[in-house]
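Structures incoming, each one as structure tokens.
One chain, chain A, appears in both complexes that follow, with chain B as partner in the first and chain C in the second.
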Partner chain A sequence: MDPAVLMAGWVLALPAIGWAFWRLNKTIDERSVPLIALLAAGLFVAQMLNFPVGGGVSGHLIGAALAVILVGLPAGMVVMTTVLVIQALLFGDGGITALGLNLLNMAVIAPLVAYAIMAVFKGNKLAVPVSAWSAVFISSVICGLQLGLSYSISGGAYGIEMAIALPAMAGWHAIIGIGEGVITGGVVLFLGKVAPETLRMSQVRTDKEVVEHGA
Partner chain B sequence: MERRYLVASVAILIAFAVGLVGYYALSADLGDGLEVTLEEGGWEEGEPAYQAPFDYGSDYFTGLIMGLVGFAATFTILFLYLRAVKTRKSDR
Partner chain C sequence: MRHYEIDRYSRTSTLFGFDPRVKLACVVSLVVVTALLRSLEAVVIVLAFSIILLLSSRVPLRHVWKGLAIALPFIIAPPIALFLTSGPIPALTMAFRILASVLILTAMVTTTPLFDVIKTLSWYRMPRLLISLIMFTYRFIFVLLDEMERMKMARIARGHTGRGSLLSREVFRTLSYTIGMIFVRSHKRAVNMYDALLSRGYTGEVRTGEWMKVKGRDAALAAIFFLVGSLSVLTQVGLINWTLLV
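For the complex of A and B:
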């Protein structure tokens, strides 16, 4: 990736993540602590499990929509940030230099997309899988744009030609997103039956309501 | 911590242990969407700027152990951070 694009990733991601930590610090309640930590740990192992999507390609759960649905937007962003930072620092997954862009795509954009779709289609049965699919698809299209932009800015030294990067990222992730939608929908359906109180975002409660009534 | 979170942790780890069998049987040799895109674009991976202490392993048992390490690290770091925030908030 071109250094300017890498830097832009950090510049855009850090304020949003800072806001998420600040918001969560203000609204966190005792009962949410183990749920949020367990969700992050669960997403870490889930992201290790790739599934084949055909054409010699695999995909794995990102989990941004699931995190937002279970614990709300700020906590969901914190969960995704924790997972990505541990993957990069402990396991070298994604790399340190690209961490800013990975955070922007998967800890900021994907949760925001999921949150927006859940809020707009509140109460609709398809909101959960559609938000999960959209979070994967839109964040990967943006990743494709970043690859293409890197190529253009660096005169071909970094990144990939936009004409290759964008359709490939969009095409593969349109398929991978179906897996994300199915898994997220299945988990939410299961939790709705066994532990409905864990589904915070599906009720789209405001932070004020959470403070007043607890998680 | 409530018993249900311990039960949920065990359930997640069992699902991971089972899922890992499927991963090594079906997907371990396949690149993900980004990796395939980079490959199609002729991207060549350079030397990493930072050498991480672990990797995900290349067989079932190292993968399982690294999954457990990652699960424990992620849970512990976030749990301790959130507990510290909660305690500091309560002290005010």
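For the complex of A and C:
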């Protein structure tokens, strides 16, 4: 990645994440700490399964939508931040300088997209899988753009050429997103049936839950 | 726990005794400098240093390799793409740059006990919420892995074979329900663990008796990192020309 792009990532990601922490600190309920940490642990395990896809990029499940649906937007962003910081600092996976961009893509953009779609399609049966798919797809397109931009800014020293990076990221993540969408939908449905208390604190409610809690 | 133990060699390594705050500052600054390097010679200096650092840390190479294997797709894939568009030298530079950063970070991570990293982070004024979430998340990763193991065993005991097409709905249903159930069970355990902490007076803050102290050898370590960083930067801007020296 080109240093300018890396810097831009940090500059854009930090205020948004700062907001999420500030917001969560104000509204957090002590009982929700284990749930938030457990989600982060789960997403960490899921993200360990990353696999290289064509064109020099690799893909993995993100889980941002699941986090947003279960614990709400600020907490979802905090969950993603925790996962990424652990990957970068405790396991040396993912890099320190690239952390800014990773945060921007996976801890800011992906949760925002998931949140927006959940808000727009409130009550729709397909809202959960669609928001999970879009979160994966849109953040991967943006990541592809960043790689392409790095390549053109640095004149070929960093990044990957746009014509390769964009289709490789977008194309594969469109497919990965389907898997993520179906799994997220299934998990949310299951939790709604078996353990509705885990869904209760979400700000964007699923239709299932609205029926069960009568609101 | 039979899982990958990140702390296994952290206390026996020669790099263990250094102050983790100094280590973290050194490693982060060198990685940032490395990210800015564009010339192959400059990157090679950092790479050589990272290899020497790892070898002198006395961490078994097999253990290093295990950690490296996770990051391998990131090291190999991008340079291949760059090779096709920009030619071999930029691709090699990129591969070495990524490898060097990963190795330096690995040297730091494997030689510092997890709790010291966390203490260091809080010394650097990271948000308290993030620190406690990192600690809980780390603990719960093993709860999850443990529950996953149990569910796997239970499934096998009931005759689950794991065969089935990725295109069938049943596979995704089984997968989602399994993930959901693991989540529910782990959540119960996580809440119990949290309650246990609360009942012992946990308020979100971790206090420890021993505290870190910067000593002479920490200054020496910082000086070495600084030397390597400036050598590579000087090479980058052309003030040192290695082809003339060799």
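Please note the rule applied: the second predicted complex is superposed on the first by the 188 of 215 C-alpha atoms of A that agree within 3 Å, B and C clash if a C-alpha of one lies under 4 Å from a C-alpha of the other, contacts with A are read in each partner's own complex, and residues count from 1 in each chain.
Rule of thumb we're sticking to: contacts are C-beta pairs under 8 Å (C-beta built on N, C-alpha and C of every residue); 3 or more make two chains touch, one makes a residue touch a chain.
The model shown is predicted, which means the values in this text are computed figures rather than measured ones.
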{"item": "Room on chain A for both chain B and chain C (clash or fit)", "value": "clash"}
{"item": "Which of chain B and chain C A:W172 touches, first, second, both or neither", "value": "first"}
{"item": "Which superposed partner A:G63 touches (first chain B, second chain C, both, neither)", "value": "neither"}
{"item": "Which superposed partner A:G42 touches (first chain B, second chain C, both, neither)", "value": "both"}
{"item": "Partner chain in contact with A:F190 - chain B first, chain C second, else both or neither", "value": "second"}
{"item": "Chain B versus chain C as contact partner of A:G100, first or second or both or neither", "value": "neither"}
{"item": "Partner chain in contact with A:S140 - chain B first, chain C second, else both or neither", "value": "first"}
{"item": "Partner chain(s) touched by A:I160 [first = chain B, second = chain C, both, neither]", "value": "both"}
{"item": "First, second, both or neither for A:L6, with chain B first and chain C second", "value": "second"}
{"item": "Partner chain in contact with A:V182 - chain B first, chain C second, else both or neither", "value": "second"}
{"item": "Where chain A meets both chain C and chain B, residue numbers", "value": "24-25, 28, 30, 33-38, 40-42, 44-45, 48, 50-52, 56-58, 78-79, 82-83, 86, 89-93, 95-97, 159-161, 164-165, 168, 195"}
{"item": "Residue ranges of chain A touching chain B (in the complex, touch as defined)", "value": "24-25, 28-30, 32-38, 40-42, 44-46, 48-53, 56-60, 78-79, 82-83, 86-93, 95-97, 140, 143-144, 147, 159-161, 164-165, 168-169, 172-173, 176, 195"}
{"item": "Of chain A, residues touching chain C in the complex", "value": "1, 3, 6, 21, 24-25, 28, 30-31, 33-38, 40-42, 44-45, 48, 50-52, 55-58, 78-79, 81-83, 85-86, 89-97, 151, 154, 156-161, 164-165, 168, 182-183, 185-187, 189-191, 194-195, 198"}
{"item": "Touching residues on chain B, where the partner in the complex is chain A", "value": "1-2, 4-5, 8-9, 12-13, 16, 19-20, 22-23, 26-28, 30-34, 36-38, 40-43, 48-56, 63, 66-67, 69-79, 82-83, 85-86, 89"}
{"item": "Interface residues, chain C side, partner chain A - complex", "value": "6, 28, 31-32, 35-36, 38, 67, 70-71, 73-74, 76-82, 84-86, 90, 93-94, 98, 101-102, 105-106, 108-109, 114, 117, 121, 127, 129-130, 132-134, 136-141, 143-145, 148, 172-173, 175-177, 179-181, 183-184, 186-187, 190-191, 193-194, 198"}
